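One chain, chain A, appears in both complexes that follow, with chain B as partner in the first and chain C in the second.
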Partner chain A sequence: MADEMKNTLEIKGLTIQYVTGDEVVHAVTGVNITIPVGKTLGLVGETGAGKTTTALSILNLVPDPPGKIISGEIFLEGEDVLKMNDKRLREIRGNMVAMVFQDPMTSLNPIKTVGEQIAEGIKIHRKVDDKASLEQAKSMLELVGIPGGRAGEYPHQFSGGMKQRVVIAIALACSPDLLIADEPTTALDVTIQAQVLKLINELREQSRMSMLMITHDLGIVAEVCDTVAIMYAGRIVEYGTLEDIFDHLRHPYTKGLFDSLPDIGNRRAELKPIRGLIPDPVNLPPGCAFHPRCDYAKPECSQQLPAIKRISDMHYVQCHLYADTDMSML
Partner chain B sequence: MESSSAPKRNFTTKKEFYRQFRKQSIAYELWLRFMKNPTAVLGLVLFVIIVLGAILAQTLADYDTVVIKINIGNRLHGPSWDHWFGTDELGRDILARILHGARVSLLIGIAAVGVSLFVGGAFGAVAGYYGGRLDSLIMRAMDVFLCLPDVLLAMAIVAAFGKTMVNLVIAIGLSFAPRFARVVRSAVMGVRENEYVEAARSIGARDLWIIRHHILINCMGPIIVQVTLYVASAILCIAALSFLGLGIQAPVPEWGNMLASGRTFMRDYPYIVIAPGLAIFFSILALNLLGDGLRDTLDPRLKQ
Partner chain C sequence: MIEYIIRRLIALIPIILVLTLVVFSILHMTPGDATVIILGSEYTEELGAALRKELGLDQPMLVQYAKYVFKLLQGDFGMSYVTRAPVMDQLSVRLVNTFWIVICAMVLCVSLGIPIGILAATRPNSVFSQSMMVVSLMGVSMPIFWLGLLLILLFSVYLGWLPSSGMDQGFLSLILPAVTLGFNYMANIMRTTRSSMLEAIRQDYIRTARAKGVTEHAVIYDHALGNALMPTITIIGLNVGMLLGGVVLTETVFSIPGTGRLLVEAINQRDTPCVLGALVVMAFCVAISNLIVDLIYAYIDPRVRAQYRR
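On to the complex of A and B.
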C-alpha cells in the first residue's frame, strides 16, 4: 500500500443491486470509503439510501438472491472481502469485523441466555471449551457495565438499553479491528442513547478499534465520528472530515440535512425539511439523483451525473455547483 | 435481586412471589400456563397413568407366568376381583396383557416418531433453511411419499422386510417422515428470517451451527406439539398393522392383536374387545389432549 497510514477498511467503487423479477434496485452505486486504523467514519443518510447494504457487504452478507455485488473491491486490512472463500469469510466475521444491529429486541435469540450468546463467538473463533468461553462472556458482560452474575438470564429479562449492551458485548467478544454499528441507538430511548454511545466510544478508544457508524442522526455524528460520508440514493454525495462537513458543507443535500434540524436557540423558527421524498431506487432520476429536490438545481443537473470534485485534502463533493469553481478561491 | 432478609413484606402478591422463580427459566412460566388449561392437564394425567402402567407392568403382572402362559381352565371369565377386565380365550388376564401391551405400543410409537423426526426433521430443516431449488426438490419428493396412505406404506415395508419390531419402527417412522419434514420446514422458514440468525452469521457461525443452535431450538414449540400428536397416530398405526397380522405377533400382547384374536368371541364375550379398545381410545385421547394443550401453551397466538 502506498499510503503511509494503514487503513482498516478501504471500499473502492462498490456497486450493489437488488434484482427482483425484472426490476433492478440500485441500492449502492460507486461508493468509496476509507477508514484509517482507530478512526470512526459516520455514514449518514435517509432510510433507503443504501447504508445498511454497504455495511452488510463488508461482511459479504448481502442477501443473495436478490442482492448482487456488481463491482467494486472491499479491502479489509489489505485483503479483498469479495474474493474470500467461505472459510476465510467465517474467520473474519466476528473476529476481524463485527456488527451491532439496529434493534436489540430482535437481534438476540430469545431462548438462549445472554452469557451463551456472548460465548458463541468466542467458542467459534477462539476454539476454547464451554467453560472458558462462558467465563470470558461474563467478563465481557462486566465490560459493558452489566453484573457478570446476570449472564445466566434470558434477553426478555433485560431492558432495551441493557440488551443493546449485550449486543455490543457480543460484537466485541473477539476484539475485532472494525466495528460496524448499524444505527445502534435508533431503537433506544433518548436517555439511554447517550449512555450506549458513550460506552461504544470508550471501548473503541481502549482497543484502538476502527468503526463504521451508520446513522441518520447528525448529533451522533458530531459526537463520535472523525470523518463523515453523506449518502443519498446509493451514492456518497459528500465526504469529508467532521470539520469539513459541519463547518464547510458544500452539497445542497447536506445543507438540507442541517437545515432540517431544530434550532434550539430560536424556538420560534420553523423547521425547514427537504421538500419531496427520497426517489424510488428502481427509477432513479437521470443525472444527479437529488436534482428534483434541490433548490440550486441547474439544467445540466437533470442530464449529467456530476463528477466527484475534490475540494480540499479530504473533502469531496459530487455536485454540478462546483464543476467550474476554482477551489483555491473558496 | 431482592435480599432474603426481607421476608415480611405484606404487599407480596402471588405474581411478585412467582417473579423470583422466573429467573430460573421460561420453562417454569410455560408450566404455569399449561396448568391453567384443564383439558391439557387431563391429557397429561391420563398419559402419566398409561406411562406408569407400562413401566410397572412387569411388577404388577409377570410376563412369563401371567401374560403369555395359557391357562385353558380359566378361559373367558368375565370381570371379577381376580381378573378386573376378565380373561381371554386362552385364559390369560386381560388387564395384565393390556399393561404389557402399553409397553409395546408406547415403545414402538415413541421410537417410530423418533425415527421420523430425525429423518423428516433433517430434510425439512435443510429445505426450509436453504430454500430455493433444493427446497422444491426435497419437498416434492416428500409430497410423493405423502400421497401414499401411511398404513399402506408401512404395510409394504413390513411385508417386504419382515415383521420384526425394528422393521415396524422403521416402517412407521419412514411413513410419517414427510409430515415432519413439512412441519419442521415451515417452522424453520419462519425462524430463519429473524435478525438473530443474521447476527449469528455476522459473527462467523457456519450454517450447521446456526441451524442447530439458533433455528431448531426456536422451532421446538411446533415440533413438540407434532411429536405428541404423531405418537398417537403411530400407536393407532401399530394397532392397525397388528390387527391385520402384520405388526406384533402373538403371543406378545399388543392392543391391536388382542382385538384381532378377541374378534371371534366378540358377540358372546364383548369385554374381551372392549378392554383393548378402551386402552387404544384413552391413549390416543390422552396424547391428543396433551398435544393440543402444549400447542396452546407454547404458541398462545394459535388459540382462537
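On to the complex of A and C.
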C-alpha cells in the first residue's frame, strides 16, 4: 500500500446506517476505497447500492437524522473527515473536496443568479470581495463553455445540460483536490452526456485533480476511470484496475452487469438482465447479499459472508467461488 | 410592471360591481325596513312613505342600484339613511381605528410568526419549538371572541394593565385588540413558515450550498429562507381578508368604533349605503393586499418576475 500522503482519499471500513423508527437500513457496510493523487475511481452499482451515501460521507454531509456513520475512517489527504469540527469541515467543503450532484434541475437555488452561486464558494474560500469573486465566477462559466455575460441569469433560464455545466463550475470554482461526480450525466440526454464527460475529463487533466466517479454506466467507467469498485447492497464486491474489471472480472455480479449491456455486434442475442431485484436494505439476505440472484450460488453463500480474496495487489473480490482458487470461475 | 399593476387595478372595477350588486340584492331581500328603524316609535304609514320617497326607497331595486353605482363610480359613497351624513365622512373616521388595529396585528404576527416558524423548523426537537407548536394549534382553533374575552378578563379585570374597551388610551388600547385579532393569523404564519422551511431545507440546492462550505446560518437565512417565504407570503396576503373579517368581531368585543362595528350597526339598521361603503373599502383593501403579495413574489422569485415581463 502506498503511503497515506500520496492518496487524496482513503476510506477504511466505512459503515453507514439509516435508522428510522425501529428499522435499520444498511446503506454502506465495511467499504474501503483508495484514490491516489490524480487518479479516478469509478464507483459502480445499481440504484440503492449505497454509492451516493458513500460520496456524501466524504463531505460529512450524510443527512443526520436518519443517517448515522457507525464506524470507519475517511482520510482526505491524511486528515480524518469524520473527526473534523464544523469549522474545519466548512473549510474543506468546496475547497479540498467538491461534489457534482446527480440532478442539475434541482441542485441550483432557483432564486439566485448562477454567477452568485459560483462566486459564493470562491468568496468563502479565497477570501475575496463580491466583485472579485463574481469576476472569477464569470471565468469559471467560460471554462465550462458558457459565456461569462450570462452570470447574471437565473437557473430557469438555462437548459439541463447548461445547468449541469453550472453545477460543475460551482464544484471546480476553488480547484478542489478531489472531485466527487455523482452520476453527473444521468439526467442529461446522450449528446449532452458526451459533452459533459469530455469537459470533466479535460478539466481534470488540466488540474491533476483526483476524482470519484459514481455511475451505473460502464461506458463512462471505461472512458474516465483508472480503478473501479463494484458496489452491491452497501458492500464493495469487486475492486480492481480498469483492466482487471473489464478483462479479468471475477465476481458473478460484475459479470451480470456486463451481460446486461446490449451487444451491437449481435443484435439477435437477447439481453441478459440480472434476475431478481436489488434486496431490501432493511432486510438483507444472510451470507452474501447477492446469492438469491446469483447463478453460481453454492450452499455456503446463503450462510456465511465470503472473505475478501486478493487476486493481485490491486484486484480483490468478495465471493465464495474464490475460497481456494485465483482462477476465474465464471 | 407598471402596466401589470394598472391592469390589476382596472380588473378591480368588475369585482367591486359584482360585490355591490350581491350585497345590494341581499339587503333588499332581507326583511325589515330602514324607515321603520329610523322612525322607531314615531312610525306611521304616512311618515314612512314620505321617508321612503325621500331616501329613494320607493323606486325599483335596479333603479336604486343603478343610481348608487353611478355615484360610486364618481367616488361618491352616498348618504347614510340613518345619520343623513355622507358615508365617506363616517368611514374615514372609523377606518383610522381599524387601520391601526390591523396594522398592529400584522406587524406583531409577521415579526413573531416568521422567526418562530424558522426556529421551529431548524430546531424541531427543542422545548421551545414544541411549545410554540402547541401555542399555534391553540391559535388556529380558538375563536376570536372567546380569546378576546379571556384576554380582557386577565389583563383588564384581574391585572388592570390594559384598557378593556375603546380607543382613548392610544397605543395601550391597541394591544389587546391586535393580539386578539392576530393570534389566529400568527399561528397560520408560524405553521406555514415552519412547514415550508422544513420543505426547503430538504431540497438539493441546500445540499449544494452545504457542499460549498456555506455556514449553517447562511444556508438557512440566505439559501432556504427566500424559497421558503413564498407560501408564507401567500398566507400573509390571503389572510388579510380573514383579518378584516376578524375586525368585525374584535371591534365588537372591545367596543372600538371602527369599520367592522360600523358594518354591524349599519346592517342592523338596514343602512344600505353604509354597509356597501364599508364593504367596498374592505374589498379594496383585500384586493390591494393581494396585489402587493404578487409584487413581493416577483421581487423574490426571478421565475415569477420573468412572467410579468412577457
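Here is the rule we go by: the second predicted complex is superposed on the first by the 321 of 330 C-alpha atoms of A that agree within 3 Å, B and C clash if a C-alpha of one lies under 4 Å from a C-alpha of the other, contacts with A are read in each partner's own complex, and residues count from 1 in each chain.
Note that in this section a contact is a pair of C-beta atoms (placed from the backbone, for glycine too) under 8 Å apart; a residue touches a chain by one contact, two chains touch by 3 or more.
Computed from a predicted structure; not experimentally measured.
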Between chain B and chain C, positioned on chain A by superposition, is the outcome a clash or a fit? clash
Is A:Leu108 touching the first partner chain B, the second partner chain C, both, or neither of them? both
Touching A:Tyr154, do we find chain B (first), chain C (second), both, or neither? both
Examine A:Arg208 and indicate which partner it touches, taking first as chain B and second as chain C; both and neither are also allowed. neither
First, second, both or neither for A:Gly121, with chain B first and chain C second: both
Answer with first, second, both or neither: which of chain B and chain C does A:Glu91 touch in the superposed model? both
Which segment, 3-11, 21-29 or 39-47, is the chain C region that clashes with chain B in the superposed model? 3-11
Could you pull out which residues of chain A sit against chain B in one structure and against chain C in the other? 59, 61, 89-95, 98-99, 101, 103, 106-112, 120-121, 124-125, 154, 156-157, 167, 170-171
Help me check something: in the complex, which residues belonging to chain B touch chain A? 22-23, 26, 194-196, 198-206, 209, 213-214, 217-218, 220
Would you tell me which residues of chain A are touching chain C in their complex? 59, 61, 86, 89-95, 98-99, 101, 103, 106-113, 117, 120-121, 124-125, 154, 156-157, 167, 170-171
What residues on chain C touch chain A, complex-wise? 203-205, 207-216, 223, 226-227, 300-303, 306
Given the complex, residues on chain A that touch chain B span 59, 61, 89-95, 98-99, 101, 103, 106-112, 120-121, 124-125, 153-154, 156-157, 167, 170-171, 173-174
